[in-house]
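Structure record follows, encoded as structure tokens.
Labels run A, B, C and D following the written order; every chain starts at residue 1.
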Amino acid sequence: MTREFRIGMVGYKFMGKAHSHAFRDLPFFFDSEAVPVLTAIAGRDESAVREAARRFGFASYETDWRRLVERDDIDVVDIVTPNNMHAEIAVAAAKAGKHVICEKPLAMSVEQAEQMLEAVQSSGVRALICHNYRFAPAVQYAKRLIADGRLGRIYHVRAQYLQDWVMDPHFPLVWRMQKSVTGSGALGDIGAHIVDLARFLVGEITDLTATLETFIGERPLAEPMGNQTKGLVDVDDAVAWLAHFEQGALGVFEATRFAGGNRNGNRFEINGEKGSIRWDLENMNLLQVYLAEDEPGLQGFRTINCTEPHHPFADRYWPPGHIIGYEHTFLNLFAAFFQSLVDETDCRPDFRDGLQNQRVLEAIEKSAEQRRWMDVSREGTGNPATGGEC
Amino acid sequence: MTREFRIGMVGYKFMGKAHSHAFRDLPFFFDSEAVPVLTAIAGRDESAVREAARRFGFASYETDWRRLVERDDIDVVDIVTPNNMHAEIAVAAAKAGKHVICEKPLAMSVEQAEQMLEAVQSSGVRALICHNYRFAPAVQYAKRLIADGRLGRIYHVRAQYLQDWVMDPHFPLVWRMQKSVTGSGALGDIGAHIVDLARFLVGEITDLTATLETFIGERPLAEPMGNQTKGLVDVDDAVAWLAHFEQGALGVFEATRFAGGNRNGNRFEINGEKGSIRWDLENMNLLQVYLAEDEPGLQGFRTINCTEPHHPFADRYWPPGHIIGYEHTFLNLFAAFFQSLVDETDCRPDFRDGLQNQRVLEAIEKSAEQRRWMDVSREGTGNPATGGEC
Amino acid sequence: MTREFRIGMVGYKFMGKAHSHAFRDLPFFFDSEAVPVLTAIAGRDESAVREAARRFGFASYETDWRRLVERDDIDVVDIVTPNNMHAEIAVAAAKAGKHVICEKPLAMSVEQAEQMLEAVQSSGVRALICHNYRFAPAVQYAKRLIADGRLGRIYHVRAQYLQDWVMDPHFPLVWRMQKSVTGSGALGDIGAHIVDLARFLVGEITDLTATLETFIGERPLAEPMGNQTKGLVDVDDAVAWLAHFEQGALGVFEATRFAGGNRNGNRFEINGEKGSIRWDLENMNLLQVYLAEDEPGLQGFRTINCTEPHHPFADRYWPPGHIIGYEHTFLNLFAAFFQSLVDETDCRPDFRDGLQNQRVLEAIEKSAEQRRWMDVSREGTGNPATGGEC
Amino acid sequence: MTREFRIGMVGYKFMGKAHSHAFRDLPFFFDSEAVPVLTAIAGRDESAVREAARRFGFASYETDWRRLVERDDIDVVDIVTPNNMHAEIAVAAAKAGKHVICEKPLAMSVEQAEQMLEAVQSSGVRALICHNYRFAPAVQYAKRLIADGRLGRIYHVRAQYLQDWVMDPHFPLVWRMQKSVTGSGALGDIGAHIVDLARFLVGEITDLTATLETFIGERPLAEPMGNQTKGLVDVDDAVAWLAHFEQGALGVFEATRFAGGNRNGNRFEINGEKGSIRWDLENMNLLQVYLAEDEPGLQGFRTINCTEPHHPFADRYWPPGHIIGYEHTFLNLFAAFFQSLVDETDCRPDFRDGLQNQRVLEAIEKSAEQRRWMDVSREGTGNPATGGEC
């Protein structure tokens, strides 16, 4: 017996493509009860949204997201718009009794994020935030090793998200560089991912000190407005912060769009009492593991291709050594989410995680502004580190 | 306007899954005229084939492949059976006027392969052999570099396909170890892949000397037959050969199932007058390139993540640094094949490639048996190296 | 014609061995005028220092460093004692008119470092601080690339010095964990090295925010004192800091003795407008270089083995691909120093560098204590970044 | 108490430098009874040999090697000449009662090698062949793992020695390309090294099939002779062979000077029943080890930096993670040799190894010429695999 979940998607760019693909591909690999159905997609530009519906395989489209949210034939609203639209849509969807999937970062502010969490909690719907990298098999396996105590007490978290796509000063002022649309720059776009990975793997951050940098302050407008051909970059190009974790670890974090040669370098190394792990998104199937218990002389980082029956999700895909890619992180994430809808269980990362992530982002911005350490509030979000896996 | 190609698949194991997935996923990424439709699947065991039809998404099933081949609503027959069935099915499909897709190695012998080529040529159907690794973007890019003369004259081809899945002596006598079903062991299973990659990238092999090894000669039967609990392994566990290429290069090849720690190590290094390239399937998005023209002091292998707009197929998928996986090699291969059906053009690798590959495999077996160098015939197969890309 | 420089060494442990070896080996590889002569070695324990003299090849020994400093047959005093002895010996040596070589960190405090610089400046002797990693050929080559503008404006400095030798809680309370002897822990021991590399390669730090951690607060005494078997660790096990550079770059730094599996992981990555470089001491011959000017499609980090004629110091040693090791950093450093004595020119890193380094260390300690950003004074030290190579 | 061994060296190029350095540096690191003394060096060109004596530190020189061999004050004759001189000098030295050190390959032919072995055996002197790579700590450790059965039965030996220094067609016709002086090309120069490593680690080769290639047949003369500006390359640029080992393994070997980007790529991978190892001279401190006994999910190659107390020779040098280089292989080799002189024990690799290596080289040449498998004789050389470590 299958159970269909009718998806209404708002937005249709990069994340729209990634989500749509995952919804479509999911039943092939996950032979589960839950089956997502691509019911409607919304966007303001009719010809563009019509074309997106065709390309992605949605049965219908809307040019007003409000209509989509209200449709009776929608069970789940999936928000893949720019960040400044997340809150309004999510709140409306929750009020309309729809489950919500939302891209990260959750919101433009902690206040918005709190409203969103409040909305989904009072409506009793489930709400997923798309921190898909949690669902790379190597990351899930890392989590299992840590949860099983294989690394012992954690001393260090060292995480970087390094990109280079905007280094050319002629690269135009896209929406991801405009504060009013995106909230922040590298911080919310990629920094949010390493915040989530650290929270998932090690736990909550208690306090931090940060700095934000904007290396190129002015860029060509995508479309010149009268005489004006350049516009102000009012978000960060790069951010770095030091943090303490509740359980005692020291965190060193950096996210930047100015690390030439690093196309998508989402990396971490975690050092514990009994071992260490290293991961890099660009070689996402591999996990490097060091175990202090190994025999003297034979100690060293092992390079593990997490495509074996012993690794999370591997049985869904291909035999050992036949790697999977970026898109599979969404497949795994959504498989877990829809299963939670069927089972009526919690699925993390949810809006509590989104809110807590937002608090870290906001503390980073405040710390950078005030040039001092900031505490991170934990009010009402529980501890994802103990319930982090779907 | 779209054009549908109705697929009839024979077989439903690992390759059945890989092909089915690619057919289904193809229209999402390749917005082309050609759309494969999963029409029927055949297998002898009714409950198993019914379940396969459900899992893979075929609209119907047959328990006799002959019925499938004759169905009017089938345009393309896709053969994913054990090797000893390839010839009969392919010939019947060709005679029935169906296009053919066939897994590698093409046949059990050169004689069979010749019959298959003859059948598809006289019927005028198109016939694809599934050397999918040609279609890894990094391999396509390597081909482009070589074709553009960036490596100059090629001196060396060094290729290995290293696996380790049967090293445990308790691993049972599966069909891939029985000569009557599979023809050869590591040779046809994985050696055929590196033969194809070498042919694709560098050209034809003229002569070779080889050795075959069977390290574990007897294994437990999967299902004991009376008192008999063990059976004879009558295929190779490993094979190695030296070869000369028509254009002057020296080849050193090795394929084995006994290289512990190498789960799926399909690797090559090619050294030319002006540069070198290295590739490894386990990190299939990466290509290592050395260019002798680089400035002194700054010479070294570059590690290139072939996920950029400048790389083949990359525009179909995700932004730079967001990697793809094993399954995408089939997507790319089939996209090219269906496009060739629409365009009525050649699509390589075809059965000429399959036959030429088979000749290399057979020369290897004869050389190993006779302990001498063997020439490889080229009668009637043309030069894939000059027409190797779809 | 050769000119001998008679060395008087104070101390004889790990650094004593490294320096002695380099002095002895230097004339073989550097066919220069300057020849160090191992004249005397000093230490309090007569049998130990006598044995050290024999092992290292010193012609004589002293049990009081003051006698060594005053000997007429000593030209250069080399200080390889624990940190708390550096200042007194260096000042005495300078006053006695000897050139001084001193291990890092220069002193226990900025105040001491200033006195040391004042002493050598007023005596007119030359004074080297042993930041030997500047003299790895790959690091020298990195400096040349940066100085030549090959990386353009520098955006990011990301440096870590990761070790793991004290992670076992049973590891005893050695002198490197006692503040009175060593001044600081990971900070002065290994953090000082990455401060120096960053200053050498990119320039001066203007301000920073830092945190210090002590993970294991109590350890077994090496020699129990009465009933007391444990003692307090009063230095840092780990340190991290964020920093701004005078020329605009953002620095992220971390030094720790608790990064399991990292035996000697002194690493940096520097990202500039036009390119990036990466280095790791554990594979110290290799430099990874990314150049944004590379042809699209062929962009990626190059792995360069800095053993070619085009690389600094390579002509002194072996042909390309024949690597050198840790000890050669001292050979290169001392070759430059003695040449500067012959030529009567400046040799960096000198005590100005040592003082400036100490200021960074002290700012880190104060920042960690006061939990705020600290400015780093630059009074009277010039700009090593513009004169950093010997 | 020390015992001096007075060295007389014949030749003074690259190997002269490497040996001289090792003799000088040896007492510092190896606090042993045996102390080499650089007594005399011989060469035909007086000004060159005088300068070599000065640079390397020999006390005297000779312009006729025969005089050196006869001098009473010489205990050990070290032969670092081109290959065509090895036999005559070694035989004369042995007859004069001197111990002999000889560079590889031992001789120009098996016949010469047999004469050399005969000469040293009848004179009762000890005779070392300089297969220094056996003495890289990682290789010694690999040997220990294999000898201890950690890899179980060996299935595969895969070895390459890849260089690229002569790829430019304008590179002149140096002695290493002239058969009359060198015997063979890549085969004897670098192929001999991988023969030795395979014999050391796995044992004797019983039969093989090979091919030799000369890619550039004519080159500029270093010094034009009359009108003649080019000369014939009459040795191999590259060689490859397949081999069987006495204990059952399959070997695949390749040595070439035409593998662009590989400056000094001496590499092997060995796959056994219970594990695998990989090594690469360009990162010679690292050993990669895979153990099949590792826990499922945590299986992968470990990257081990062989600089720990548990690794051979590591205690002589620096702390963990502080790497050593090319020159240390000679230090370790000679330390073992001189100790064997003191102890009056066998030291391998000796002239039996040199002869057996020569037999493999000759079988390769014959196999390539006759295009058939050749057996390798074992007459009178014992089994180095069981006595391979000093």
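General observations
Note that in this section contacts are C-beta pairs under 8 Å (C-beta built on N, C-alpha and C of every residue); 3 or more make two chains touch, one makes a residue touch a chain.
Computed from a predicted structure; not experimentally measured.
Under the contact definition stated at the top, the chains bordering both chain A and chain B are C, D. Of all chains, the one whose mean C-alpha position sits at the greatest distance from that of chain B is C.
Our note on geometry: chain A versus chain D, Cα centroid distance of 55 Å, whole angstroms.
Distance between chain C and chain D, defined via averaged C-alpha coordinates, is recorded as 36 Å. Centroid to centroid, with C-alpha atoms defining each point, chain B and chain D lie 41 Å apart. Along chain C, residues 262, 299-301, 305, 308 each make contact with two or more other chains. Of all the residues in chain C, the ones that touch chain B in their complex are 141, 289, 291, 294, 296-305, 308-311. By the touch criterion given at the top, residues 14, 18, 20-21, 24-25, 28-29, 31, 55-57, 163, 165, 262-265, 281-286, 305, 307-308, 317-328 of chain D touch chain C in their complex.
For chain B in complex with chain D, the residues that touch the partner chain are 155-156, 158, 160, 162, 164, 167, 209-211, 213, 215, 238, 240-242, 244, 248, 250, 252, 254, 256, 258-262, 269, 271-276, 290, 292, 299-301, 371-373.
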